[in-house]
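Sending over a structure as structure tokens; questions will come in a sec.
Chains: A, B and C, in written order; residue numbering restarts at 1 for each.
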Amino acid sequence: MTRVRNPQLNKNGELIHLLSLERLPSEIVTHILDTATNFVSVNDREVKKVPLLRGKSVFNLFFENSTRTRTTFDIAAKRLSADVFTLDIGRSSTSKGETLLDTVDNLSAMAADLFVVRHSQSGAPYLIAQHVAPHVHVVNAGDGWHSHPTQGLLDMYTIRHYKKDFSRLVVAIVGDVLHSRVARSDIHALKVLGCPEVRVVGPRTLAPAGFESMGTRVFDNLQEGIKGADVIIMLRLQNERMSGALLPSREEYFKTFGLTPEKLQWAKPDAIVMHPGPINRGVEIDSAVADGPQAVILSQVSFGIAVRMAVMAIVAGNSA
Amino acid sequence: MTRVRNPQLNKNGELIHLLSLERLPSEIVTHILDTATNFVSVNDREVKKVPLLRGKSVFNLFFENSTRTRTTFDIAAKRLSADVFTLDIGRSSTSKGETLLDTVDNLSAMAADLFVVRHSQSGAPYLIAQHVAPHVHVVNAGDGWHSHPTQGLLDMYTIRHYKKDFSRLVVAIVGDVLHSRVARSDIHALKVLGCPEVRVVGPRTLAPAGFESMGTRVFDNLQEGIKGADVIIMLRLQNERMSGALLPSREEYFKTFGLTPEKLQWAKPDAIVMHPGPINRGVEIDSAVADGPQAVILSQVSFGIAVRMAVMAIVAGNSA
Amino acid sequence: MTRVRNPQLNKNGELIHLLSLERLPSEIVTHILDTATNFVSVNDREVKKVPLLRGKSVFNLFFENSTRTRTTFDIAAKRLSADVFTLDIGRSSTSKGETLLDTVDNLSAMAADLFVVRHSQSGAPYLIAQHVAPHVHVVNAGDGWHSHPTQGLLDMYTIRHYKKDFSRLVVAIVGDVLHSRVARSDIHALKVLGCPEVRVVGPRTLAPAGFESMGTRVFDNLQEGIKGADVIIMLRLQNERMSGALLPSREEYFKTFGLTPEKLQWAKPDAIVMHPGPINRGVEIDSAVADGPQAVILSQVSFGIAVRMAVMAIVAGNSA
């Protein structure tokens, strides 16, 4: 079986699309995080703006609604001085029966430079990346249960910021791992950056054996799962899962997997608590933890803007 | 009872948030109006743009829908060269159960500089202002029945423009005063600026005795209420009130309180007629008055952009 | 009967509004196309931006929803460095009963420079153009079945680009001509530019005799209609028409009027195939044609941005 070239890289090994953290070389990941450091300081300035993408056209293609994620890309692109166009896909031509690639072709013909794509179907951003012209770039803003690479990168930025070195860390990802593209992206990135122990923790129904083949240890007991952890990543419990048969009641879930100050003591004393947001207070996380000294949830948000600026600035600077 | 410090001012007495015209010193009000004068001329230029807020991020947080008011803030912010982000709150995380302050914390973490807040709950902008970091500013774009300070300020700008001096004016506010944040804001501002006689005029059911404690005279007869007035501020009759028991039919309302050219003669010959818009032709105001020589309704709109530019430029220039 | 002055031109004959291609002098049309040529090259640059409309306020007034057309104007205006404001008309004051002209007056008072208007009622852009102040401009982005002048102009740009000269061309417009503002605009423009033979081709129910008075030849047989044609403009079959009594089934329509590679051979060998988009693959056009070497559909899209930039730059430069 021949190895297909990684569609995210050009022939010089430079990043031209960000589709997934799977198979992304550690130098690329590190380059993105290093670049993001510069943008963190831009966001602290009076004038939060650099001209790197001036006169470029960035299109937000959100086939699945996510105001929060869309806003972060919107902010990042405008701080790079790009022109940003957000398509209300629900009301646009795709609903008139136009295909995904016809929509992309049309926007490309309008001289799009970069597509930020969110889609409920895993693989949609890949499909687009393989279709567009060499000077057009694609950033995956979440596809199905598959991948959410900028979230994975901002999580890595956050961990590196607080823990410096990945080589001795124990990281526990807690919650509905099965349906989480955040978890998948984090696991890939942690492996790439040399994290020795990644654990996934959740109800047996939501953290299937398959995750062991990704090199993680699987726990269905919170105490064992976060014992001695340096980093705890709490996942959002999607309300829409609540009604299904996979989960007990919210109260039951909180009792078993909700992170409280008491349970947090099972982890290392200097453990940090992360969450991709929006948080469900009293479901997967107690307010005393979310607002407490070990939570770094709002730092994740801040770093997220810088990381997205870095990704867009890097891909837009390389050609296929 | 100790006097709580006005949350709109920093310790030097400078404006850092605009939440209400209540308890705002007259020098601050006058400073805003004076600053707006400069921006009126910017809006007449070929290039309607100044760089005062370049690289700043302004977030429109409209928890209550108002395309018109949102657009005026959008225009004002962009003419100050800010980046403007409008959140479609109905579709965003607040609908996923995130709290108001969690939403604000998240946007603050994205390096927001200024929130323009509209909310159906009185006091929501106060809550946000008391919560945000010292370098973040809040402008109230209307909260419940409580306050709509930029509307109050643009009304003051308009009156000052046409009448120069407040010290001898008779101002009549006509309509559904009970439910009007515009009326409350106007009354506060007129008092602050030294207007000797403010009247509220409307059906007995909509202009309760409580207004007398605000230092206004209450009338339920239009002729008596606008007799000798220099300024008549007509309020919009909300359609949603029509169906209630508080009001007679539209036709009946127009007959009793609708302003026609004939009734306008009860006021001073040089009286100006104002309206916050959008007008209901044939309900609270006759077209012959709305389009007539005494109406200054479109001037209010023009001055409104300049006043909002002034408010944003002033608060963004001061720190807590 | 006195001839009413063309409301699109000022007294020097310069374009101040673009409302319809009807009665537009050929020099004006040619001037727009020539100007667009410069903007085609702007769209190929790294920095796709020129400062021609810097500090101007462009308002998208889409009373009829069209994400695609609105996006093209948004892109064009931002590449000219304008500030662009898009009103969500469905949620705005017009739904509160404000009249069209009151909305326009209000936005004009906010110092609007240019309105891009789409309306389901034919003539709405005219109404607005006759109402606004001399320094305010109106561009029709489609009104009822009447006119879609920027689509007509971009079609002319495309034909000129590929065929150079209009004086010997046979152009066939195929499909639901009766309900198509694109067809009407194309026919006017082709006549103005001296095209000797314009044909309209479609089911008898959709291409009434009235078109013959516009100087076109009417065909209800595809083979006869496109025989020897240099240019074939396929129209989109609106899904909403499908259910009516005017049309047979989709399958039947495709069999009779759908353009396949086989049928395309009836035209000249170097004929180009155009379509205003979004295309209905397998309804009015076969994928093999839409993606084939004779299709210039994506070029139309690219040229469309440049043509809209040209129109906005030209009208904004002239005063009434």
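FYI, a contact is a pair of C-beta atoms (placed from the backbone, for glycine too) under 8 Å apart; a residue touches a chain by one contact, two chains touch by 3 or more.
Everything numeric in this text was worked out from a predicted model, so none of it was measured.
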Cα superposition angle of chain A on its copy chain B, in degrees to the nearest 5: 120
Same vs different contact residues, chain A with chain C, by half of numbers used: different
For chain A paired with chain C, centre-to-centre distance based on mean C-alpha positions, whole Å: 41
Multi-partner residues of chain A (at least 2 other chains): none
Residue numbers on chain B that touch chain C, as the complex places them: 43-49, 65, 67-68, 71-72, 74-75, 78-79, 239, 277-281, 298-299, 301-302, 304-305
Complex interface listing, chain B residues touching chain A: 54-57, 83, 85, 87-88, 91-93, 96-99, 102, 105-111
